[in-house]
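Each of the next two complexes has subunit A plus one more chain, namely subunit B in the first and subunit C in the second.
Our next item is the complex of A and B:
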């Protein structure tokens, strides 16, 4: 049984699990994250436990408990580690009171951040992985863009990149990729995780200000297209990708407006990783 | 109601409804109309048209003010218009 408190900036997460797979996952992906004592403040108390009764042995299952309560359907035991990652995403998307949380990849060069919001399947995780593993952008998050309304800065949240289906093979071709186990037949298809690059981990508490907002759309073999869009249009699309805008109310509204006032916004369509990287290069290095 | 910034890259403004938490995108004309109505306790249609004349001069549709008001009412951003015969 593991029981540890990880500091995954900007949150403290207590993780308890009876699964060897979860322990291996933490060793592989979180060995450089600071550990705290059990007396420190805990933002999320997460347990990934074996199924109860017959389900411990027959088609064994994994259960996720948050603050001692089981709010999710169990998954096959072999998916215990992905379940932890999905559970953490759920915690961060739905629990924090002080941050506006949006569904977007987030990278930075120095203190200038590039935000890649997008609906699932738009290709943002693959593009995020390509930018940090091939082009040395600093990874802040592959999935959760966390905006501090007080400072107006994006908060890093350095965790493994979740890759799905065809993007796993693409990322395998990058020289800096450290890929974990591959999980088949999950609710998202085949998935795997790529480790957060070492340089990004080293700067995992350094925030950045959004300079560019790019809405990516991958269309196989499509010719590359780039269009600058208005901040109003970007606002509408980002607010659809915000997990907690209703709860953040006026504070979230002001924070998002301030964030966009400093940013230029684009929509891109690309048909290959190289084309996507080239478009990002043209936007950020004009 | 709270208005977002007037960004030069757009001819529309984001409007935040503090009560419902909803966002709206309103046209530049709609924004100016709402701002006038929020700052004046009472305003006739003629006075509105006069105040917004510089903006309406650019509109191709002469009924744009009426259409904008109707659109704002349809979306619940204008709740009532008091019509007087005189």
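Our next item is the complex of A and C:
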């Protein structure tokens, strides 16, 4: 049984689990995250436990509890570690903590951030992975862009990158990739995680300001296209990918407007990783 | 081994916010988590702010977040009430908001930081048919479709089956009285309707809120008759805050006792006042308690029942299951049904609910 308080900026997460797989996952991906004592403030109290009764042995299951309450359907026991990652995403997206949380990859050079919002399957994770594992972008998050409305700055949330299906093999070819276990037959297909790069980890509490918003779309063998779009259009597209703008009311609306004030927004279509990187390069280093 | 100091309870801090000043990180953590479980995070935030307590940044994120969500919900409630005015305004009947929606629209800034589920309204029983059809014309549909549910509500309950709006998915409970038709007490809803007050928000001429005394009485009656208490502490906190606000208004306590007695509700109100005094230490004038006791022919609120409610209302602690609390909650569940309906109705009803819990597909 593990019981530890991890500081995954900007949150303290208490993780308890009876699964050896979860312990291995934490050792592999979270060994450089600060550990806190049990006397610290806990933002999310997460438990990944074995199934109850028959489910402990027969088609064993993993259950996820947040603050002692089970809010998910159980998953097969072998998926305990991915379940922890999904559960954490869900905590951050659903619990009102004053942050505007958007579904987007987030990278930075210095304090200038590049935001890659996108519907699932648009290629955002692969592009995010290639920018930080193949090039020298700093990873803030592969999935959750967290905006603090007070400072107007994006909060890093350094965790492993979740790779799906074909992107696993692509990422294997990147020099800085440290891949964890591969999980087959999850609800997102085959998935695996790539460790957050060391340099990104070292700056994992340094916020950044959004300079570029790029909506990526991967279409196999398509010629590269890039189109600058208006901030109004970007606003409505990001709103669709926001978990809690509606719930945050006026504060969320104002925060997103302010975030876009200094940003340039683009839509890109590309047919290969190289072409995607080239387009990002042209946008950010004109 | 020394036991870890868990700090003051949620109830203690709600009653006296100054107790939060010396809390350490772990104690703040516990307080926030307990308040979230009890659906009182927004209310706690409001109480701490009003008392100007210095809150550490880590905890205040959670409290501010809840407050923000509550502000947003209050705005949605106002919008929903405007939709009700648009749908029902021309019927020339009073539309009386109850509970949460009434707190938001009342002139006394009640329910700050409170989170919501449904919207409840009270209308004259004679207008019920017209109200229901106007609501349906404006996009509200009945959420309960089985014949049994329809009959359960229409024949026995104090409200028609809950309606939900097809586009906004908001849930509306339309009441024609405040207790089930089959219940032991028989309050006259006409009294509440006739004493109800207009709201200050412009554009809502048909909308009313109960007068302060009826607002308190209804909250108490609702809590005391409620079978499932997962929002019980929140509701009791509502009552505590209202008494704090209204208690100093000239003549409030006299009217409270008079309205309760005049509407066959001296029993539940007497019990509710004793309960809020027991849990939050809310001051209640002795003369009011005596008047209510007199109206009950000398019967005082049962200490055993007060203790049972006290236990059942304890906010759930993650990781700790207290069997006494579970038993108390079960007792209150059973009691609520026996108050709601006579035994010959309640036994078949609960049997049916149990059956459906085991075999949900046997509904039809």
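FYI, the second predicted complex is superposed on the first by the 285 of 286 C-alpha atoms of A that agree within 3 Å, B and C clash if a C-alpha of one lies under 4 Å from a C-alpha of the other, contacts with A are read in each partner's own complex, and residues count from 1 in each chain.
What we mean here is this: a residue touches a chain if its C-beta (ideal position, glycine included) is under 8 Å from a C-beta of that chain, and two chains touch if they have at least 3 such contacts.
The shown structure was predicted, so the numbers you read here are calculated from the model rather than taken from an experiment.
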item: Partner chain in contact with A:178 - subunit B first, subunit C second, else both or neither; value: neither
item: More subunit A residues in contact [subunit B versus subunit C]; value: C
item: Partner chain(s) touched by A:239 [first = subunit B, second = subunit C, both, neither]; value: first
item: First (subunit B), second (subunit C), both or neither touched by A:67; value: second
item: Contacts of A:225 with subunit B and subunit C, given as first, second, both or neither; value: neither
item: Touching partner for A:261 - first (subunit B), second (subunit C), both, neither; value: first
item: Touched partner set for A:249, first subunit B, second subunit C, both or neither; value: both
item: Subunit A residues contacted in one complex by subunit B, in the other by subunit C; value: 246, 249
item: In the complex with subunit A, residue positions of subunit C that touch it; value: 24-26, 28-29, 33, 36-37, 56, 58-59, 61-62, 64-66, 68-69, 71-72, 75, 316, 318-319
item: In the complex, subunit A residues that touch subunit C; value: 12, 38-43, 45, 67-69, 95-98, 246-249, 251
item: Parts of subunit B lying in touch with subunit A, wherever the complex brings them together; value: 2, 4-5, 7, 9-10, 12-14, 16, 18, 21, 23, 25
item: Subunit B contact footprint on subunit A (complex, rising order); value: 228, 230-233, 235-236, 239, 245-246, 249-250, 253, 257, 260-261
